[in-house]
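One chain, subunit A, appears in both complexes that follow, with subunit B as partner in the first and subunit C in the second.
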Partner chain A sequence: MTTAAGTHPLNRRKKINLLPYLLILPTFVFIALFTIYPTFSVLQSSQEYYHPNRPNRTQETDLNLPGIEEASRSIRGPHDVGLAYFRAMLDPSSPEGEVFFQVMGNTIIYTVITVPVTMLLAFVFAVMVNRSLRWIGLARVAFFYPTMLPLVSAATIWLFFFTPDYGLWNVALKALGYSGPQNWIINRSLGLWALMIVSIWKNAGYLMIFYLAGLQGLPQDVYEAADLDGAGWLTKMFRITLPLLRRTTLFVSVIAIITSFQNVDHAFVLTNELVTGEADLLLYEIYKQRFVLGNYGFANALTVVMIVVLLVFTMTNFYLSERRSDEQ
Partner chain B sequence: MNNSVTTATSASRTAQLSWSRARWGIWFVNGLTILLAIMWAVPIIWTIIVSFRPPSDPLGQNDVWFSKDGVTLESYQRAVDLAPFFPHVEDGRLSRSYYGNTLEYVLMTLAVQLVTVTLAAFAFVQYQFPGKRLLFYLILIQLMIPTAILLVPNFTIISQLGLYDTTLAIAIPYFGSAFGTFLMRQAFLEVPRELVESAEIDGARWYQLLWNIYLPPTRATLVAFGMVSVSFHWNSLLWPLVVTSDQSRPLTMGLLRFTQLTDIGAQWSLIMAATLIIVAPLFILFLVFQRQFIQSFINSGFK
Partner chain C sequence: MKKRSLGLLLALFLLTIAVTGVSAQDAVTVEIYFPIAVDSPITEILNGYAEAYMAENPNVNIVWSFEGGYPDVKTRLLTVAEGGGEVPALAIMLATDIYDLRNAEVIQPLDSYASEDYLADFTDTWLSNSYYDYDGDGTQELYGIPFQRSTVLLYYNADLLAEQGLEAPSDWESLATTAEALTSDSREGILVPNSWPYWVFQPFAAGAGQNIVSDSDVEVFFNNEPVIDALQYWVDLYSVYHATPEGVQSNWGDAPGALVDGAAAMIVHSSGSLRTILDNADFTVGVMGIPGKDGGQYTVTGGGNLYMTAGIDDATAQAAWAFVEWLTQPERTVDWSIQTGYYNTRDSGFDLDAWKEYASANPQVDEARSSLDFAAREFSVQSLGDVRDAFHADVLSVLNGEMEPAAAMADAQEKADAILSIFQ
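== the complex of A and B ==
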């Protein structure tokens, strides 16, 4: 019966067919429960002060609890504090604000450096590997295999490379004439660099394959025409290849940024000993506040910030790509 | 055709003039490729070599590759003894192990995803119904807000469901996949309408349409999705770390705990043997099915 109606779209619309809803239901239930519901519930819980690890006693003096002006309230909570965590985050003199500024600073530096460097390397790799030579398959595997490693394994291997005195990274730097500090994972700015190096090494080959796919989809006749005009290698690269790969580049940048936000597994191996969080990235800090320090409200508030950052970013990107495809 | 041949010969003079310069250019690019490829490969080569060092021979200045004492499997043996990587028989049953747990949640995720993703994508392609666009956009929210960043609220949900420290807890947030739904929808849209319509006229039921018409030409996409899903979940750490405490620890967690065992100190050969134990299956599969893996990961970025 449904099939008879299927051939006549008008008939099909008259009575509501439950089947498509049932088919979508499993997917929808899980996404509603683990994506949509938590996105809203976290808005609620970011307005609650709760430190279950603290003793349930009242504090006479001001303990600098966000949103709790009056003394003699339990330092454990829970208390409804409204938007106090968000106000505290914007105030660098509060403990939450201090952490927030540091973590956002780290996350921005990390993203602003790793994303363009990884993309540039990915493009260079793709151009190198997009040639038909017998040994080029080996090079492709060498660039791509880090994608198959867990980030925590990659970090473990690099932990050795960053070892003072005999770690290969330090040995290589010394051979190049570098005589600076060797303990990359104990020092704030070097700790962040260690995270960035591992991320770049791991992701360049992953992003390479998108450029490779893009390069292989380019129209060959354009290059033949350019050859006839005697165009050089550089001209072809900047006048033909890069402009034609603009959409690929936009797309690769989205993947690179989302990857850089949601992958922090290397921090568990490389910078976990920096207890004061000098090199913490946003998602790692969320984990630490909630599961190590027991600061539930702040972890929830940071999650809200992360959701907002991602939404703003994807919306902007969506808008940009829509506008660009209109132009074409 | 003829035209391009004649123009090519007229261009060959210019090409000859710049031939020697071009050859230097090619040598330069080849050299750079080899240099970078070696730089990228050094970490895994070092890992493999050091994993065969005896655990009793620590690394030192200028002594970080092969051991003077030769090649041995001792480090693998010690690693397996120190941590429950593999199950052993206990009261007639297999004990919990890192491998067992990882296999359990990875295969569970994959099995459920293949079903949910196929059904949802089929509904979106085959039927017109009120609320279709809205449902589709609601599902796509998962692409904008990755499940990974919702670990704090999702941990609360897992606790409330009473799933803490189970492999189901690791798998369940990924049972619905916006990415997979989108990918399969794109693939199903390529299936010729005439095929679908003629099957409908023959009186095919919905599951016959799905199984006989939609799935055969799109199997490659489904396999590609499966490969990306398996490698993503096999390699994940943060979420399993948060929702397991003891019984359901996966391989990545095992490696992390291994690196933090104090009595190991800087026994790199042990840690590297452990690293290779956890990456081996995926790695070997990758080396064998290289092209398929790379193609799958290309599909993971849909246009």
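== the complex of A and C ==
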């Protein structure tokens, strides 16, 4: 058998080519089952009107959706409504549109603030611990520690910090002369900030690891040359370190943006009592529409938006890291 | 010889299978979803009940499936049922979720199981969220059996009141002035958790003469004089009497701790916190219903009912109902009440010696019990989540000083009517 195969190069190539496919098969099956199938399934069900928490009663209704003709229908569904949910989401005067604009606004504010702040902190931490001192390992662990906590635990710790009157957060702010609202997690204008603070605290250490790896991979000869030229610390930082870390920064920013869209656990712990929506992020809203309000079609349409956003950033990440390895 | 022993072995083997098979068929498993996100050691108590019941009924297997909170139980049941999974036989879920659950076809009516005598012994008010005319034929069907129930109460630091020579408040005016007198730099006169306000608000609305719901599942009373009065009173508590923090400041979880620590002289909270407050307070705790506008006391029911799920086989349903009846026998409901602080739901339970001893040692428990005589129906309508959100948003706007009570309630009424119009 082996000798026969050995004499036929074509046969051998065929055999070798099968192996990689076999190896990725388990992963592929898993991804097909839990990622690809649900993605297409949600594309389809985002066109379906379905309110299972309503009785199956028939009446004359337009389902309260734009572009749907009035007809005698069950108020429960399911009905095929095409792209009505997406039309409604783009119309700020419809209930779905109102929710969508508020939630997307919150999510964008959340991302635009947490991502740069987290990255800056991560970079500063990385520079701070990128030296060979005796106890530097301890400092690295300290910065990295919040990353190892589940987000729920981190939020529970911060729930205590945010407690009015005696919570550490208010006590510390009071020392700085703050006398404003005490209860941040149920305050309309501060709830979202509470979420952002926890997210920054939690994620800075994680992103620090990427920067630290980037810093340690930098060529030392450039720094030696700069030293010979008498360049100062600031010059080296802005002329050498930051430009050389450009790719790391790109990579980290994509990771940070994706993480900011995926964060939801802290909202369940902290701002779940802030019922008016000022702190609702996209993923939280999907949960709320689907499981609390029973509005399946809208939840699925929001999920499609979420998938598109994540896909764009994942592709960007993929493209960037591919280009990076091509250039090297 | 060899063949025969092999045959014997085979026969023995088959017999074993047959016997175990039969006994497995005889033993009915009753799985129950139960929320445990409360302060009491609920799992131990419930496991004790299950063991006692299984000792009496060896052919029934009681399996508690403990979940986080009420929303987790509901989410899990809906997801399991929808995905075609194996549903439990029973679940404890919020009494107010009755419409959502029945509409989703995950619970079944209990009229054929519950006898009139059995139902008559439950204190009436607990059954106010148990019935629903799902098919619209004019008769209400029974769905929820009261079990883990609570009411809204006013807790006060009786020592502080006595120090200042104050009586327990008897109406809105005296509640506000008492709270004002007890307010200091380091202490709030009264804390009303107002971030998730409908439940603690209901006794105030009822106390002014109008509960925000009737017995109907498609009607709410937001834009009504007494309801607007009650909302104005909440505003007055900080704007006129300075007896509570301004705006939306007090969330649910912090209030009992504030009373116990002395950071608040009075709080409005669930009867479910009675046990924790009594155990931790180093002062005399006073307990009463919420004073009405012109006197009297008011409260509202809350908490969870036992539901039987739809789609279980008849033998399981029979076994599940037998366990429900056992679990809600007065001896058990009194024991449950003593151990957890939830109410004993059976009238005849109050005549048992165990209850009398407990009540004489803890007079506050009897005070809480007397609130049952004037408990209103908890807010529950079709599309509860949407209607509640609309109401909450406007109440919070008023508390934050962004809207006037009358305009806010007109807005909430309009939104609620729009949502409920689809069910008319």
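Worth pointing out:
Heads up, the rule we're going with is that the second predicted complex is superposed on the first by the 278 of 328 C-alpha atoms of A that agree within 3 Å, B and C clash if a C-alpha of one lies under 4 Å from a C-alpha of the other, contacts with A are read in each partner's own complex, and residues count from 1 in each chain.
Methods note: contacts are C-beta pairs under 8 Å (C-beta built on N, C-alpha and C of every residue); 3 or more make two chains touch, one makes a residue touch a chain.
Here the structure is a predicted model, which means the values were calculated and not measured.
Contact with neither subunit B nor subunit C is seen for A:M104 once the two complexes are overlaid on the shared chain. A simple residue count on subunit A separates subunit B from subunit C, and the partner touching more is B.
Once the two complexes are laid over each other on the shared chain, residue contacts for A:A139 go to subunit B alone; subunit C is not touched.
Judged by the touch definition given at the top, the superposed model places A:V117 against neither subunit B nor subunit C. By the touch criterion defined above, A:N53 reaches subunit C but does not reach subunit B. Look at A:L23: by the touch rule set out above, it reaches subunit B but stays clear of subunit C. In the superposed model, A:D165 lies in contact with both subunit B and subunit C.
In the superposed pair of complexes, A:V292 makes contact with subunit C only, with no contact to subunit B. Of the two partner chains placed around the shared chain by superposition, neither subunit B nor subunit C is touched by A:I240. Within subunit A, the residues touching subunit B in one complex and subunit C in the other are 163, 165, 291. On the side of subunit B, the complex with subunit A involves touching residues 4, 7, 11, 14-15, 25, 29-30, 32-34, 36-38, 40-44, 46-47, 50, 59-64, 115-117, 119-120, 122-124, 126-130, 132, 135, 138-139, 141-157, 172-178, 181, 197, 200-201, 203-206, 231, 234-238, 241-242, 251-252, 255-256, 259, 266, 268, 271-272, 275, 278-279, 282-283, 286-287, 290, 293-294, 297-298, 301, 303.
Remark: subunit A residues 52-57, 59, 61, 64, 75-76, 163-165, 181-183, 185-188, 273-277, 291-294 touch subunit C in the complex. Here subunit C touches subunit A in the complex through residues 71, 74-75, 78, 82, 99-100, 102-105, 134, 136, 195-196, 245, 247-252, 254, 258, 263, 382-383, 385-386, 389, 392-393, 396-397, 400, 422-423, going by the rule given at the top.
Subunit A contributes residues 2-3, 6-7, 9, 12-13, 16-17, 19-21, 23-24, 26-39, 41-42, 45, 124-125, 128-129, 133, 136-154, 156-161, 163, 165-166, 168, 201, 204-206, 209-210, 212-213, 224, 227-228, 230, 233, 247, 251-252, 255, 258, 261-265, 268-269, 283, 286-287, 290-291, 296, 299-300, 303, 306-307, 310-311, 314 to its touches with subunit B in the complex.
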